[in-house]
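See the structures that follow.
Two complexes are shown next, each including chain A; its partner changes from chain B in the first to chain C in the second.
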Partner chain A sequence: MRVTKGAQIVAGTALLALAVAACGGGASDGGGTAAGGSETPVRMEIGEPQELLVPQNTTETEGSEVLAAVFSPLVGYDENKQPVEEAAESITTSDSKVWTIKLKPGYTWHDGTPVTAEDYKRAWDFAAYQDNAMSSSYFFGRVDGYNDVHPGEGKTPTAKEMKGLKVVDDNTLEVTLSAPFSQFKTMLGYTAFYPLPKSAFGPDGKVTQEYGEKPIGQGLFKLDKPYKKGTDQTIELSVYDKFTGAKPKNWTKLQFKVYTSSETAYNDLQAENLDIHDSLPASAIAGAKAALGDRYHDEPDASVGYIGVPLKYNPEFNNPDIRKAISMAIDRKTITETVFSGTRAPADDFINPAIPGYRQGACDACTYNPAEAKKLYESAKGPKTLELGYNADGGHKEWIEAVANNLRANLGIEVSPKPFEKFQGILDALDAKEYKGLFRMGWSIDYPSPENYLTPIFGTGAIETGSNYGGYSNKEFDALVAKGDQATDPAEGLKFYQQADDILIKELPYIPVYFYRSNFGNSTKVKNVKLNLLNQVEWADIEKA
Partner chain B sequence: MGRYVIRRLIQAIPVLLGATLLIFVIVFALPGDPIAALFGDKRPDPAVAEVLREQYHLNDPLLLQYWYYISGVLFRGDFGVNFADVPVSQLMAGKFQVTLNLAVTALVMEAVIGVGLGLFAALRRGKASDTMILAATLLLISVPTLVTGFVLQLVLGVKLKQWTGADIFPVAGVFAGWRSYLLPGFVLAGLGVAYLTRLTRTSLVETLRADFIRTATAKGLSRRRVIGRHGLRNALIPMVTYLGADLGNLMGGAVITETIFNLPGIGNQLFQSVYLREQPVVVGIVTVLVLIYILANLVVDMLYAVLDPRIRYE
Partner chain C sequence: MSNPTQPVGPGLPETQTMVTDQVVPPAQEGQRKGKQKGGKPASLWTDAWYDLRRRPMFILSLIIIAVLLVMSFWPSLFTSIDPFNARTCDLSTARQLPSAGHMFGKDNLGCDVYARTIYGARNSIVIGVFTTLITALLGGLLGIISGYFSGAIDVISSRVTEIFFAIPPILGALLIAATFRGRANSIMLVILALALLGWPMTFRIMRAAVITAKSQDFVVAAKALGAGAGRIMFRHLLPNSLAPVIVVSTINLGGFIAAEAALSFLGVGVQSPDISWGLMIADARNRFLDAPLPLVFPAVFLSITVLAFIMMGDAVRDALDPKLR
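Let's look at the complex of A and B:
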């Protein structure tokens, strides 16, 4: 999951958070054009990748952005948000349980050797194997045999390879899941499912340090030289000549520039030292609209912000009417417009608008209705005092304070925001029974499927191993999600997921507050900048102006 | 003199060892789980977290962890790795270079501007220009680095480039060689310039009242020689002390400036590593910083003897 923005940029931005709204304003009139013999690269902002550049160990946004340029995923996503084959020729199944992946011929590694089905199997087995401690291991949890290679804490794996992965021939991989999962094809676009060449591995069977500094992929760009993490401030890439997919029209060089603060990167964008900045700071949004004009972009982002309810830990919240009353007492529109300067949108469903299955206005209790909220809260005998936990390292204080003010004013109760150092601290305190109040929660998708807003956060199975931190459990909900998983027709699957979504809307195990938006800008030197469903830049579409 | 230097260096060894232990313990005592921090807002897979904890010796008692670390440093010259398996020595080498460039730029600016203004003010004591300089330094002291940094970056970096099209003061990064350090160096020097101006002024005013200055003037020496050779040289000791101590501050305390101007320096790295609780990185950096303090102090002490021949070291 990509809730983690690179730690560096989070810390750097938090450090500079004191200087809110210091920059912006003034019209830009272009600036100079760089001359010179060699090609000026297209330059994009990133935070420092958290780990070495190994796809199976990259679950944060910054490293993923780089790897997405170096690798070509099995599936991409079309305008209707549906998965379409990219490095795969076809991905087929008859029962949603056994999946046959045929590779598109012609793909080669950047060292010239052909990509084979074995390269996929090797990478996936490596990722899933417990002792390799890859952060993306849980992505393979649905593959048959995952429990043999990843039996859990304190247990020793009994196999090195998952029995559900079978290489049929050089171009065909057969994946058997432990249970049918209709959304498996959608999952395959994620970083964890990239292949790895044989040369990535050292004699000890682990991915080498050398590979992590200069990953050899099978995608559009290859690295010009190793990226020395911590020392290098740029990652230099150029188009791989033998890449058979779509290529950019009039440029071949790409450069990622590592920033520790998004404010600084925004200043560099204005000075035309940077071409694409995909995480504009909230403090600059108002100014950016004026300064960048049509080079400022605002698109839906698949992440959601909630107020989490500790159902498992605190029986006070058991009555759904209490949760509904709290939800109705929150003025989402004002909070998104003022606290977030429009970089968020009010949430009105559990499924985000960027993903198929979203229904506008589905959540009735997400509409601001203070009078009704107060009536409901009093008749349900809601608690007279509430605590609102949040992690102080992620810029959440302001909106949590705003929600607290809403609840105080509209429900007439005591509300105290409670900062924790890190998000993990809230979970630890809940587990240790030291804290039992409401808590701030955020969710970014692992793969663009409506199912991803349901099972990992609210499924009964996710209490132990997933992100169901509130401990919500509802058999009817679990059954509907399972029906969706088993469906063989995507439309039918969607129907069941929406029915499961309806249960969440009725019961409000968490209170959705806002949907994220992607705010990005580009310089005058490039045009046609677009982000895909995974918030990665579509490089082939970009043209130099 | 040679023996004195050697003695001072030997004295530094327990200081350095003590510092490593102290920092190691402090980082250990920070709340929160460093492995969990790697996973952001998501609870890590317990099995994966356990393997990582084992790999980085986080399950061992504090003293054993310290032993693993210090024995690596002492016997193998290995400063350990951070949580992304990048060697700390590689991290430090690049970042200390950047910070050293920045600190030296700032120090030179402090010395030139600070001493210059101080000298000017001292010689015009009580006049309008003196008062103006004092007021200006007061302003400089009271405006935080954050503000000077952002304002100068916006005006001289962004706006100037938009108006002229020329990249005179780079907005961020270290891509333009020494020019990259001008703006951040100036921002960093700001506070030091103010202190040094006031220090120079006071010290010089004091010295110029001394008997030997009157004697020198009475001997018929030129004003230039009286002030330069007799006044300034004698007034220099507090200034040198200040500059020596400031080098240490500039090396380790430039976090905000480094972040604003996106310089991959040591202050920033230290901040990030404390945030991520990367013990080997924090300890490594702090140890080198302590070493720099010790050496800077030693050099300052040596300079005393050069400036004032009455001071001798045995």
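Let's look at the complex of A and C:
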């Protein structure tokens, strides 16, 4: 009876392999106590950070979430989305060009040494210097002297430090911008503006690998042990005793659990193996209200979801009518209602309603109009086949499939959704010219200003150093944004930003699809979970139940 | 194999096609059975067929498989909805319960579950059948050579087989499919990945059967009469070792269909916009608690299909294995 037995063995192995593979996405449990002490940590879900944990090289949400726990920003944001000083004592200017930042005394690095203005200057110079290739260098583009340290591709920097940064004394930093920028203070809450201790740098003047695995910050939490990206499934932190700001009342240990699937994380949340999950999968949301009750949170969020257009990589999309037709063929209302169970809103502007400057219904081509879409697509001779790239680790499959169905039905073309393991995979494939289709893109703000929906994603300068992954470039747009930056009157600035927004609406370099709402859930073990404007958890407010 | 039968052939005009044609017919010739009732090796197939016809399990599985085959070649006989036409999907009716026009209800994207299930049969059957064919041909050929020649050839090919055997099939296929994903047609990739890991089983069975048959008198006689290796292998050994290979292949077919569903479920098998039961199950999984039907229907079809092939394999085995009777 060898035959039957053999077949059974195969079937048995197949099942085993399936079970093993299915578990692959989850983080290991019980790693929490390894760091010492018997306290169960507060556990939060994150996706794997894209880079080592260096603030100046972290421009995505997952790494930022971790760094926000380790560092204390110069400014935080109040309920009216206005910046308030946090690690800074005061930030003042008289002309929006020269800014004086006074540090709040008492802040120390996790190794005990005091934080000085020099630590800020050092970090910012490092971020801006071209040869260091930091992804956040773009943020310093407004500082006087940036062009000397970052002259652009193919050119050699003529200085190592920006002349606009001046240390007045241990607690005072003076920043001179190359042109007035009314929103500068708002920017300072972003990850890129965190300081770096002297010990972060190796003898070659670069941030060491060691530091990237175990960053020393000046914030609420310190890392208990180095985080080895790619192998470690958790990041262990505990409260830094000498932190002078607000601390959590009844707990000291924090653990980030790295997940590759938000569905797995949601299952863990329900099983109480996870305490905070801030990227609930769309598929879970309908059930989450019932399953989590008041532990489910639905709050307005300043993020936007787009379909990105690879203008730089694929000339097929050059005609704006093609982009317009694609945009009109997407039934945003039904997608947000059905796929997202009403937890996202159809996008009708490039600026999110949570931020001043939003105009309802500004984007005409964002209205569903299949008949007009088809006519326009045909007269513009749009491509007969489209690819829609998305990262499979973020719960995007369903809405991408829904968009694909819209495009197939309304434009009469072939559309293939194309999953990539991670978002970076799409960008790498675009860069390597292995992929040149449309791609899913999301933008979560760095600082609450309408300008943040414009320059970093669509500005010409952001192609090299920012998040302008599509490679859109328009001089008129750049000029209008610059005018808005220089306006001294906020209302006047807003007017220019909106004019720049109008250009985007006309040209649709990306196709806005929905505005996020932030949907997060927590376990019964914690309460009072809140996210700030940057979608980072307010750790000090959380209490253990 | 170049053509070694030609020089040694004892007068009979033989071509390659005849060789394969003759594998089954001599056994099935009715008059032969009538004439000499006790012709043992020749009557195996006739007996088996006689036996199979009386087994309800065999008849049932045959009917199911016939329906599935019709379904995969002419899905439009079963449904008027073309699931590849996106116009048939209406997102606003997502997760609708079964109704007159949509007997299985609608899935998460508002597409008809019944039509998708029917059209999903094709990929499962195609992948199952082609994978089985490749494994049977590759494993069978290597098995017969290895079993007949023994010695170094056997040692080497057996060790190679063991290496492949040591890889858990789904895990290995997952790796292959994930590595080459996007570089080849997804259905072809699944077939190749499964076949690459599936042939060692056929190889072993063929080899064992050939080794048993090799020492029988008629083989010795053929050798004594000067028959060449090719003639002995394909004319004498093959018909006498084919039964277990057919049995294991039929049973494996069901296994391959299940494996395809598993790969598609894990996201490396058949890719959207192609339809596959595994893919449908994966898509419906996330909302299973809200809307179980879009998962249940493809899962039931998958189970029935796999079961039908395994049942048929079981019946064929019982019929072909003289020791059981």
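Keep this in mind: the second predicted complex is superposed on the first by the 328 of 545 C-alpha atoms of A that agree within 3 Å, B and C clash if a C-alpha of one lies under 4 Å from a C-alpha of the other, contacts with A are read in each partner's own complex, and residues count from 1 in each chain.
To be clear about the criterion, a contact is a pair of C-beta atoms (placed from the backbone, for glycine too) under 8 Å apart; a residue touches a chain by one contact, two chains touch by 3 or more.
On a predicted model such as this, the values are computed, not experimentally measured, just so you know.
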Margin query: Going by the contact rule set out at the top, does A:286 touch chain B (first), chain C (second), both, or neither?
Written below: second
Margin query: Touch test for A:417: chain B only (first), chain C only (second), both, or neither?
Written below: second
Next item on the list: Give one of first, second, both or neither to describe whether A:170 is in contact with chain B, with chain C, with both, or with none.
Entry: neither
Check: In the superposed arrangement, which partner chain does A:316 touch: chain B (first), chain C (second), both, or neither?
Finding: neither
Note to self: By the touch definition at the top of the document, which applies to A:425: first (chain B), second (chain C), both, or neither?
What the structure shows: first
Check: Which partner, chain B or chain C, is in contact with more residues of chain A?
Finding: B
Notebook entry, point to check: So which positions on chain A get touched by both chain B and chain C?
Noted result: 3-4, 7, 11, 16, 18, 22, 263
Item checked: Footprint of chain A on chain C - complex, ascending -> 85-87, 89, 91-92, 94, 108-111, 168-171, 174, 182, 201, 204-205, 208, 244, 247-248, 251-252, 255, 258-259, 262, 266-267, 271-273, 283, 286-287, 289-290, 310, 313-314, 317
Margin query: Under the definition above, what is the set of chain A residues touching chain C in their complex?
Written below: 2-4, 6-7, 10-11, 13-14, 16-18, 20-22, 263, 281, 283-284, 286-287, 331, 334-335, 337-339, 392, 397-398, 401-402, 404-409, 414-419
Notebook entry, point to check: Given the complex with chain B, which residues does chain A contribute to the contact?
Noted result: 1, 3-5, 7-8, 11-12, 15-16, 18-19, 22-23, 26, 28-32, 50-52, 59-60, 130-135, 137-138, 150-155, 209, 212, 228-233, 257-261, 263-265, 267-268, 270-273, 391, 393-394, 421-425, 427-428, 441-442, 465, 467, 469
Item checked: Parts of chain B lying in touch with chain A, wherever the complex brings them together -> 31-33, 36-52, 55, 82, 84-86, 90-91, 93-95, 146-147, 150-151, 153-154, 157-159, 161-162, 164-167, 170-175, 255-256, 258-262, 264, 268-269, 271-272, 275-276
